[in-house]
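Both complexes shown next keep chain A, but they swap its partner, so chain B is in the first and chain C is in the second.
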Partner chain A sequence: MDEKIISRDDLLKICQDVIEKGNTLLTPGAADYSVVKDVSKIDLDASALPSKISYKSYVFPRTEPVLYYKRSKNDVQLIDVNIDSKKIVILGAKPCDANSLNIMKHLFNWDYSDDFFNMRAKNFIVIGLMCSQFDEYCFCTSVGSSPVSEKGSDIFLIPLDANTYALKIITDKGKEFISPYNGHLKSGDENRSKRITENVKLPETAFDSSEVYEWLGENFESPKWEGVGNLCLSCAQCAFVCPVCHCFDIMDEDYSYTEGRRMKNWDGCQFGNFTLHASGHNPRDIQSKRYRQRVNHKFRYYVNKFGEILCTGCGRCSRGCPVSIDIKEIVSNCKNDQKELK
Partner chain B sequence: MNELIKHARELLESGEVAAVIGYRQVSAKRTKPVIITDPEETSALVFNEYCLNNLAVYLTKARIKLLCKKNDKVLKLAITAKPCDVHSIVALIQENQIDRDTIHIISFNCHGVAKDFGFDFNGDNLASKCITCETHKPLYYDKLFGEVMETPQASDTAIARIKEIESMPHNERFEFFKGEFDKCIKCYACRAVCPLCYCQRCITDKTIPCWIETSSHQRGNFAWNVIRAFHLSGRCTGCGECDRACPADIPLSLINRKMSMEAKNLFSFVSGRSLETPTLVGSYNEKDNDELFM
Partner chain C sequence: MNNIYMPYTAEIKEIIDESPDTRTFRLRFRDADRADRFEFKAGQFAEYSAFGDGETTFCIASSPTQKDFIECSFKVYGKVTQSLRRLNKGDTIGIRGPYGNWFPLEEFKRKNILFIAGGIGIAPVRCVINNVLDLRDEYKNITIIYGARSVSDLIYKQEIKEWKSRKDIKTVITVDPGGETASWDGEVGFVPAVLKKNAPESENTVVILCGPPVMIKFTMPVLTGLGFKDEFVYTTLENRMKCGLGKCGRCNIGNVYVCKDGPVFTYAEIKKLPQEF
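Coming up: the complex of A and B.
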């Protein structure tokens, strides 16, 4: 592991250069990760909670055309889309966000290689920042991550004091990104950053994900799903703020009788329409089945298929749920016969 | 609180109601909805300044109606409702979605709620709707609890914002809404929490033909937010749940409040205030203001 030290001023100089070269720089705020125009306004706060919305839309936009079409009397002409693949640098990614693309990439490269996702992911530089804050909804430690996890980051920052960061180069991509700026880096001392990361307060482990996996396998028809099914109002807030939920819908938009485009739009498994068949049959016709799907997909199906939990423990879905359904509570209580899921 | 629990318990034990929809505390400054059918569980019920949810949204859900069917009999449903939530219940009764006789309303003398979970309850953090609230005692109820207490004082910043937006030139106003709607991610949380958004099939779910583009781009977002504002005009009771639920912080209640102001100015109608007055869109009077006709 290559560890360096960088001052806040030098870090901002790098940011300035990133912007001047025409790349996009994102930093987290309370609401969203947003594009930085003025580096002096960057506030890298390790003690901030995750923003309301994750940064997945920058690699998997909430809506995008996948092709354009032109119809004539006997023919349809398909026109490819040029994928916008500007370099995007995320400065200060929460450790619970940093690993999101690594988790999602399995799906986007499963039976089909999704150029839209892959091209953008390739041009992503994730500069993670250690996290020193958690609230009642955080549970990264229950899904194999932690506030000091470097997983998914290309470069990882640990605040040493108000103006200095330990900078760890994690991946080759990170190394390549930082090499033009080596002049800004001083050699670091691993023990100093270690003392800080070792003393970070961790959210208590709420559940054992392998036990949850087992329970889900045996309790597909459990009456316990009914409680949460009665409560959930079927919006997609949870799925859309989630850093790893990746379902999408394909819709054609006609501009006219002869021209249009095919769109790829975010979709959510809690919507009743999500599994509605053309025949009118809906295999997930009631909310309890839809909520069961959400938990199973995250903690069982994705594990079966790709060996990873489809959850980073950021707690966004629970923090923002209009009816305060807490996924950590649901998952923790599922194997406890005394407790209902609601 | 004990009175509330005792009452709910009696209702369930006597078999008068099939379920009680109420609030339970999850942390110091947060509650969540709870649907209780077992009298033993009534001990979880609370009512305080953090009971933000408008539980009337559950009244039209098929699965909740199903809970009330017991051996050919249809039992009542009890709901704990703030006075402002009672407005929603009244609107639902007026729109023939629920029957007054099947609902047992447990309400409270209310002195306001916090603007969101986690905030201290005081004038600075008072929910916007509470600042101008005139109904601290519910207009309709079957059981009333709670002491009469003073609502914290706060200035009505929302009306100032509405006036500011009204005074903008058209293009500036358009830019303002463009900026706000651009944040919409189409999660439809606004629709989900709205008691008056009870359509079994929302117009945005009708895709053949597609009236409202499902894409979350500028045109699609405008189409959705404008159609929702229209569909709630003269119907919205101002509970502010859409505002609270929106993960993108779009000030939806400004739009709905403005539309309610129009309904009041043009037709002297305020939704959800009377069981005797017919709904605005469901009634016609020759003396109706016709300025809106082109």
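Coming up: the complex of A and C.
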């Protein structure tokens, strides 16, 4: 492991340079990951909870055109789109967010490659930051991650004191990014950062994901789904705040009589019309089936298809749920014999 | 950048009004090179665009042996099919595809084939029928059973006439009781009952079965009773789709993505799926 030390001032100098070169720099705040214009305002706080939403929308936008069309008398002219391939540097990514693109990339490259995702993901530099805080909704340790996980980060930072960070170079991409700034780095001491990471308080492991996987396989029909289905409002906020939910809709938007664009928009499996056929038939017609789909997709189907859990344990879906449905509680209790999940 | 959501434009060369609510488009890609290179297999589907209203999913209803054009047949039901219906001959639509799997016609060689279709389910079946008839020598006995609600709901009327006039295939057309006209010379009755009377031997026979869920539900026990094995009964599933590429996340039944692992499944495969379709 290539470990260095960098002072806060030097880190901000690198940030300044990133911005001056015309690239986008994002840091997490309470609400979201926002674009940094003034590096003096950067507040890298390892003890902050995950922001309300992750940086998913920078690689998979809420809404984006996939093509433009112009109708003339009989013909239609199609105009392709260009993806802005600016470099995006995420400074201080939570470990639960850092791995999100790695999880999603399987889906977007399964047989057909979605270059809308790939072109942006390729230009991401993820600088992860150790996390020293958790609340009752966090469960990263139950899905194979942890507050000190380097998975998905190109570079990983561990705060040593108020003004110094241990800097680990994880990937070749990270190495390439940092090499022009090698002058700012001093050689580090692995033992020092290890002492810190080893003493980080971890959220308790809430469930064994392989047990959940097994349970789901045997309990497609279970009275437990009805309990949570009755609670859920089908607002799909859980999908929108999720760093790895990726379902979308494709629809046309006319903006004049002859011209328009085809949009790819975020969608959510909790919406009643997500699977509604034109005939009126709906395979997932009631909320319990839709919630069952959500949990199965995350903890079973995705594992079967791509070998990874479609969840980072960030807890956003539960934190934001208007009716306090807690996915951690649901999957932890799946094996219990109580009639309802809640 | 390779844009997987970009369709090719195609011209509507001909419009055939099959029934009061069902229409067939004969289409040719505007790009000549694309038209020459477009290849698909019987059972595959495509995404068709009515620009301004979006995309919708149907099977390719013409046979892959037909190289000059492709056809799709659709029942006017939702937003996009209504929009498609407003288009005229010479107008442009978009096509993405072909997507999904297909009927394994190679494996059907030297076998008898029983086609059973109900309603708009005839569209994917017709593709296979014409494919098989173009290579008639490679297959043994062929039986076609097709039912619709009424005589006016029967589609592909011209082709039915041709199938009926051929001596080397058995064609049985039926309409639901009450759907017949005074001059109707076909059967009257639901598909399962008509099947019982007209089924060929199950030995060495594969079945291609497409139609509304209720028809499939009542036809399967009849087939089983006649000795047809689930693994030789092929059907298609039609879930709502947007991308056709295994990305948008709505057509799955458990682990199975209908757009990529389907739309063609054997009944044995369908039985193993969670009951959510």
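What we mean here is this: the second predicted complex is superposed on the first by the 341 of 342 C-alpha atoms of A that agree within 3 Å, B and C clash if a C-alpha of one lies under 4 Å from a C-alpha of the other, contacts with A are read in each partner's own complex, and residues count from 1 in each chain.
To be clear about the criterion, a contact is a pair of C-beta atoms (placed from the backbone, for glycine too) under 8 Å apart; a residue touches a chain by one contact, two chains touch by 3 or more.
Every value quoted in this text rests on a predicted model; they were computed, and no experiment measured them.
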item: Which of chain B and chain C A:Glu204 touches, first, second, both or neither; value: neither
item: Partner chain in contact with A:Asp189 - chain B first, chain C second, else both or neither; value: neither
item: Touched partner set for A:Gln287, first chain B, second chain C, both or neither; value: first
item: Partner chain(s) touched by A:Gly229 [first = chain B, second = chain C, both, neither]; value: first
item: Touched partner set for A:Met251, first chain B, second chain C, both or neither; value: both
item: Partner chain(s) touched by A:Asp43 [first = chain B, second = chain C, both, neither]; value: neither
item: Chain B versus chain C as contact partner of A:Val76, first or second or both or neither; value: second
item: Most chain A residues touched (candidates chain B, chain C); value: C
item: Residues of chain A at both interfaces, chain B in one complex, chain C in the other; value: 249, 251
item: Interfacial residue positions of chain A with respect to chain B in the complex; value: 31-32, 52-53, 57, 62-63, 136, 227, 229-231, 233-237, 239-241, 249, 251, 253, 263, 265-266, 268, 271-273, 286-287, 320, 322-326, 342
item: Interfacial residue positions of chain A with respect to chain C in the complex; value: 66-67, 69, 71, 74-76, 78, 80-83, 107-108, 110-116, 119, 220, 246-252, 254, 260, 262, 264, 267, 269, 274-279, 281, 283-284, 289, 293, 296-297, 300-301, 304-305
item: Touch list for chain B against partner chain A, complex; value: 26-27, 30-35, 53, 57, 61, 63-64, 67, 117, 183, 185-189, 191-193, 205, 207, 210, 213-217, 220, 241, 244-245, 247-249
item: List of chain C residues in touch with chain A within their complex; value: 1-7, 9, 11, 30, 49, 51-56, 77-78, 81, 90-92, 94, 213, 238-240, 242-243, 245-255, 260, 274, 276-277
